[in-house]
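Structure record follows, encoded as structure tokens.
Think of it as A, B, C and D in the order they're written, each chain with its own count starting at 1.
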């Protein structure tokens, strides 16, 4: 173990790093840090677009970034492979030597910070590292040395969806160190954008679950001195609910955070089971851009028409960036929506979040309180990958497609909240009864089902270049 | 010359036709005539989609129709080649023998009604013949014999944009015969949908010009006994104006037509200079579907992402149908818009139309009145192909992109209308002065210019399959 | 294995490959199989192949080992299969499902690579799982000698 | 042709091919050339090639014959060119612009077919038209003998 200004990292990683002063100087010299892109987008009230992107080989990654930059994103990603995420750097390194194309992301720790700087310098827009590591400390050290000014993750959101058995106490402390180093950097004038992964397990995540986790992580991060937070919420599919959730990011920030912390709402375009028809997938991507703008997001992370099939090729990824950008553009400025419905959704989202986080925040020891709450199911997420959340929560879509709690397990919701969720999910008279799991499965496949009901009878013609599944 | 129940056609065409009774019986036996599709769409308040499509060879045309049908259109087209449009059947026939792929449409007269029936029977949805023939009589006779239940055109809209020197007196009389035969058929229970081509020269056509022509043709058609009229208006690009224009179709029909005539508003997706980026073109196509629904259209004629390049291939055409259909779908039901702005636009469109058509309709002899009005510039269209319209009208876009009259030539507009158009076009303080023609050119390239200002820097990547121009 | 057993005695081992955290399908498949009367030993996400072998040692009557791999890393995550099999372990049909290669095109070669490791059955979808298990079960109870 | 002439004396013949009714570019090009001081004999849309030849007979000092073809029918609509040239007519650079084949891909073969008919210059866009006319004009006034 080595100590990098409070960030405990492996000796091996530490040995390879440049001087801390060099890292700080390099970060300070970056012409366009992520926070400035976000500020400009916020001021212009038009979200920038960011694609996910990561391939194993270094040359391929450089090429990918350059190709995507020409599609006009505001920020680009370095998406990390799963081995690196799970700290299995040796596997990543072996695979990189043997078959780099077999990696589902860019193994930044293995490639090292020098190559990382090549990525940073290859494009004019800032980079963000997107990963999903319950313990992202080594990766963070390398990312900083590489000059990367935006880093995703948090002690809850990068643990429960991304690993099987990492105790929350561990991940929360690992991320505390990341946040504290951001605080140190902020004090020397380098603002790192820290994005919180409210997307969680991505599939049918009720907005208040996403935002409650983000609030807890944001409070923890702010305490360590983080000055710039991007709070990501995943597009659920019901427009009013999505707009309301994005708006709630700002009101929740005002309620729970020091106003000195800059908070940027971010929309992750639909993260669930994607439709397979390119035109339909394209509409969802476009709509994400639109909803991001209507909800006041500063950034929208785009998807591609190949989402249902696998990691997209560069052309599809670039097209996704353009489509999302069109969604944010003035071509759709004529679009209005039912404001009162959004306001009502927002009210209830904020109330649910408060009912979830207030008891936890009331505790003196935040981390212990979070851990106990998850152990007891007073905090919970659906479809948890980790054994450290109960996953007793069962979400469902209501008739309009909005995501509600069909079973809220042990969440400490008030009767009013429970009543509203139940009322919204009440089946219409005469509907055939289904088990909760059948219902949830249908709701997971919501857009696939909608797709099959649309007159889109030939999703893939002979000339289409989107592949069928084997 | 031969006479087919009042329709004067060439002896050669007439000789090849089946018995009139056979034609009527065949038409009556068609399981799904176009009018029924339109009624159903109207009742459901969701427009059906129709692509344009026509290739020279018969086998190719059959294949094209079948491939497009799988994309879920409500109606399919038989788009006719330019030689046939201009009655040069011999050229069409020679080219069909020599190089069928060199024809820019399906030469139905040359192929004959028997093959036409093969087209009709190849798909479950009804067919419409789309052409642009100032004198569409022979073609109509063959189309009827082929069992085609929808026929586009009119004495003004299929003359001025489509030919150089055909007198209006001639085209109006030719179409009068077409309409009269529809009246005869209606009397025996066969309703032919007659679509009026309000699109005209397609580029910067002010809504009231489009609708004035359609009203005059509609009045003429109704007098001859036509019972089903589709009134097409071309998407101009400013959403409020487009919605208003489609709505105006219904109010104008109520004012000028016998309520026994069924009138269906139709949106022709943007018919001007199309953007070249596939995503942007796709958005315009999607938006066309949405605006068609919001404006209450029963049908939307779709475009493709290859519009800027040439006649689309089948895959692109099918994708266009799907994209437009998504625009009409419930995925965009959340979209509201500024109703009062639409109402204001609609008021002025109707007023302008009234000022254009009322003096003409006041005349006892409609055809003579139309011809004199065009000769004197009291009716006019921009960029006329024909010498029989003055084209003194110069359209321009206002700051929001709506199409206005920058110069209305000799149109008999009231001072109020002239004032409003001038006010809306007033250049902002300090704008650099441009000639009217430079301004109009820029307005013609409106979407191209918008495209170049969007962050869509790489319209065609290496992997893209939309071709660059040579 | 030739004793006639009822549905309630059927048992499978289920899990997600070592580098893979995708949990949703795992939750759903477990519930689906339980609804069909199976006892499901669900090892959850991020499960090394050795853990599957250990589980089979503990539950020798398991009919099959069901592995999901959604993140494209199937081949790397199952590399130890030949070794374990050589050591006499994991001697049960291994059924694999999910997204079986990085990128958006899974080729025949990708699937062949997995079969070469010793994967017995590849399913694109969990829909056919019960049917496959029933077939495997019937085959296992056939009196004739089995091949392969 | 070697007398020095001012810009105002420059004259061109403009029109759109026989089967083609696309008028917008024709309107704009006419206006653009007039703004550049040309006298434009605009024959408009749907103009048979013979009419271009007739116009040239009436205006022998025309520098060039400019033909637009937007509907994909360029080859068919210009088929009479070799015949007219053989008859000693249309002896002026023929400049063609627009969408020069059916379908959304214009190939080199498509363009070659048009050159084989005798089309002298093909421009994708009207933007370069004045420049081309100036070059042709300068070349025509060169004292050296001309080739081709």
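Keep this in mind: a residue touches a chain if its C-beta (ideal position, glycine included) is under 8 Å from a C-beta of that chain, and two chains touch if they have at least 3 such contacts.
Fair warning: this is a prediction, and the values are worked out from it, not measured in the lab.
*Asks:* Which chains sit in contact with both members of the pair chain A and chain B?
*Replies:* none
*Asks:* Relative to chain B, which chain has the most distant C-alpha mean position?
*Replies:* The chain lying farthest from chain B is C.
*Asks:* Just give me the whole-number Å value for how far the CA centre of chain B lies from that of chain C.
*Replies:* 59
*Asks:* How many angstrom lie between the CA centroids of chain C and chain D, rounded to a whole number?
*Replies:* 72
*Asks:* Taking each chain's centre as its mean C-alpha position, how far apart are chain A and chain C in Å?
*Replies:* Distance between chain centres, rounded to whole Å: 31 Å.
*Asks:* Please list all residues of chain A that touch 2 or more other chains.
*Replies:* 313
*Asks:* Hey, how would you classify the chain contact layout here, line, ring, star, complete or other?
*Replies:* Chain contacts: open path, no cycle.
*Asks:* By the touch definition up top, name every chain pair that qualifies.
*Replies:* A-B, A-C, B-D
*Asks:* Mind pulling up the chain A residues that touch chain C in the complex?
*Replies:* 82-83, 85-86, 88, 91, 95, 101-104, 132, 161-165, 201, 203, 306, 309-313, 316, 383-385, 387, 391, 435, 437, 440-441, 444, 466-467, 469-470
*Asks:* Touching residues of chain A toward chain B in the complex: what are they?
*Replies:* That would be residues 67, 70-73, 239-240, 277-280, 282-283, 286-287, 313-315, 318-319, 322-323, 325-326, 329, 331-332, 334-338, 450, 454-458, 461-465 of chain A.
*Asks:* Please output the residues of chain C touching chain A within their complex, sorted ascending.
*Replies:* Against chain A, the touching part of chain C is residues 19-24, 27-28, 31-32, 35, 44-47, 71-73, 75-76, 99-108, 111, 124.
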